[in-house]
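The first chain written gets the first letter, and so on, giving A, B and C; residue counts start at 1 in each chain.
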Amino acid sequence: MNTVGASFRYEFRMQVRKRSVWIVPALSLVLFVLIGGSLLRDLFDPASRPPEARDAVVGLALQIHALLTIGFGCLLADRLIRDDRLRVAPILDATPARPGARLAGKYLGATAATALPIVVAYFGFAGAYAVHTSAPEAFGWALAALGVVIVPGLLFVAAFALTVPLVVPAPLFRVLFVGYWLWGNAVAPDVMPTFSRTVIHPLGGYPLDVLLDFHGIDGEDVWAGPVPGATLNFLRPDPTPAAAWLSIGVLVVLAAVALAGGHAVRARRIR
Amino acid sequence: MRPLTLWRYEARRAGWAALLGPPLAVALGVVAAWANPLPGETTTARILLGALEMAIPLAAGVACGSLTGRDPAVEIQLTAATSYRATLLRRMAVTLAWTAVIAVLTAAVLIATGWWARWPENHGPVAGQLTWLAPTLGLSGLGFAAGAVFRSPAAAGALVTTVWALQQFFGDAAQQNVAGRLLYLFATTRGAVPGDWAANRLTLLAVAAGFVALALVVLGHSERLIGEEDE
Amino acid sequence: MRIEITGLTKTYRGGVAALDGLDLVVPTGMFGLLGANGAGKTTLMRILAGVARPSSGRVVVGGHDLATAAGRTAVQRELGYLPQDLGVYPDLTARQFLDYVALLKGMDDRAIRRRRVGELLEVVALTSHADRRLRGFSGGMRQRVGIAQALLADPQLLIVDEPTAGLDPEERIRFRTLLSQFAGRRTVLLSTHIVDDIAQTCREVAVLSGGRLIFRGTVDELTRRAEGRVWSVVTDGPAPAEGTVVSALPHENGMRYRIVAPAAPSPGARPVEPGLEDGYLAAVAGTGMERDGTPTG
């Protein structure tokens, strides 16, 4: 546990002081505000904002998660391979610390640091909204959305962003990742086979739909469950609380599997 | 004209991502078109042109964002008679030339097989090449400039992919005003106002030139390139 | 190529002064630059190579002012540079790497390039490894590749920063000889903290400490700085607190210490003949600087 904690603290500090970890989400938010039509602006416009605080902050969580997670994944895509590039990997490998524990600490530390600007941005906007509309319950919904939508999605993305570049060049991973993010989250299941609306939906379809009872800004969207005529419907059980928790569990388990795979690849290379 | 051997070395320096990205992008577009169950050839044609207008520029943009930073021999490069700016421009040119080869071949196949003509907003086989050229140069310019400013392929790649995804996820919102429409990357396959197409393509080319100029100014400060990288 | 440096200052972000009003003239031939880590040697090398820019002051190399782009380019055409932290492209073979650097140096003629690369591979004893990828090279082999690339275009000015780091004793001797032979009517600026490298190759030397020039003269003059200040002390107790311990050797009566100090560090201390290392330490000690270049107060 000490190794995990030490590795976590070291990675967190290393990553959080990177200027790009803060600049990339900041620029993304600026662009998002500039193009208009997002909740970043609409939250403060009485004519455009959703009537309920829950829809407002959960919708905000969805938009911020959909957009900022792309930069999050790209920024994390070199954290494991950089140890080899900077020639620190052999030094770390020579320490008595277990490689698995080091990897877990590195994963959690780098993820937490890279996620920090996203969380700050989310709570910044949600807090401003809560104050602006005198709706303190918005904080509660924001915390819930963070816990069941944003955090599982980020854990899932971070695990693959750390480990896939061990076998694929990092720039190529970034291209594939954003393609996947669009395909696996935004493509309608009846257009082509996609993980969208399945339990492997890092944008959090099941938790949004069931646990947060969120159906889009206009209340007409469906985020989870089977789609007539779509493939992969076996991954789309009826939206129930159990299915929502299952979805969160699946994302976390897949993240663990990705990390185990990365650990195995590194172990083979060291040998 | 410098020897071809130098260009070959720069092609190797551009890396595997620059080589594999564009063909992989086209392949994914073709798979998406093939998997499309929606009736009507127009939709399939749109996805195929989308591979040119969306996937290829993304691959080129991320590859160009990875050119600056993490050059292990940067200190030797900066003391050579060949300016490092010229070297990086050469790497960018190689990346874009390879992207263009893949894009032109793909367009030729789409034109020959009739899929090009099945998308109503195709703008013809010649001017229509701006379908891929304008967003490719626009995103590549952005990537190159971001790489020069951040000295971090991770940050440059993150910015390029975020801009691309922002216009994908929020295509309608991005085109609500003239400025947004002129800067929209996917005006051929998802353009809100077809009449803006030519102006949009020219704007993207101008923006690309501006980004490259910015990158060259930033890269002129050689000391930044050997300073502490934003690891 | 004569190098004239006047009032050179380099201050990094955060106010760290790497060079502080440096005045120095480097004539043609071999010239040594000594200093502890952090003394400002690498910053000076980088400024001379045109990679870094001064905060203030003037640097003229072979009549070219480094403040201008034209001046920097003119100097770089005549420059061979081996950086302290040499990076290579691991996917290239040694021959390919040298061929690429030769192209960057403007050697566009393929036949001339091939011949020169072959010659230099021979000089650094890497001919048998020429077609192996650099990924698999040891640190010493990489350093030899770095030396070869610095010599590619037959430079008039050769700047080598810690060139013998990672080399085994035999390689170090071979490289020092190579540098001395190469110098002739050219300028070779050898920066190192390995005093022996300077002693074996240079007639003139400068010592930097804390970004300032604390000595400029011949190697003999630097050695004489320690005259009457080098002591041998044999003791079975702790090392004397006074002065700088140069070496500690086991002795039948405990330890024999070689110490540089202004006065005898202990009652039994015996004066001994100084060497260059002693002279260097005496010069640095006279400035009140610690080994890392920070003032001791």
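As a convention for this text, contacts are C-beta pairs under 8 Å (C-beta built on N, C-alpha and C of every residue); 3 or more make two chains touch, one makes a residue touch a chain.
Treat the numbers as computed from the prediction; the structure is a model and nothing was measured.
Engineer: Taking the touch definition from the header, please name the shape of the chain graph: line, ring, star, complete or other.
Structural biologist: The chain contacts form an open line.
Engineer: Could you let me know which interface, A-B or B-C, is made of more C-beta pairs in contact?
Structural biologist: A-B
Engineer: Can you check how far apart subunit A and subunit C are, centre to centre, with Cα atoms defining each centre and the answer in Å?
Structural biologist: The answer is 50 Å.
Engineer: Would you kindly tell me how far, in whole Å, the mean C-alpha position of subunit C lies from that of subunit B?
Structural biologist: 45
Engineer: For subunit A and subunit B, what's the span in angstrom between their mean Cα positions?
Structural biologist: 26
Engineer: Mind pulling up the subunit B residues that touch subunit A in the complex?
Structural biologist: So the residues of subunit B in touch with subunit A come to 15-18, 20-21, 24-25, 28, 32, 35-38, 55, 58-59, 62-63, 65-66, 70, 150, 152-155, 157-159, 161-166, 168-170, 172-174, 176-177, 180, 230-231.
Engineer: Which subunit C residues qualify as touching subunit B in the complex?
Structural biologist: Its residues touching subunit B are 46, 49-53, 73, 76-77, 79, 81, 83, 85-92, 96, 99-101, 103-106, 108, 110, 149, 153.
Engineer: Once bound in the complex, which stretches of subunit A touch subunit B?
Structural biologist: So the residues of subunit A touching subunit B come out as 14, 18-20, 23-24, 27-28, 31-32, 35-38, 66-68, 70-72, 74-78, 82, 85-86, 169-172, 174-179, 181-183, 186, 190-193, 229.
Engineer: Show me the residue ranges of subunit B that touch subunit C in the complex, using the header's touch definition.
Structural biologist: 2-3, 5-6, 9, 12-13, 71-82, 87, 222-223, 226
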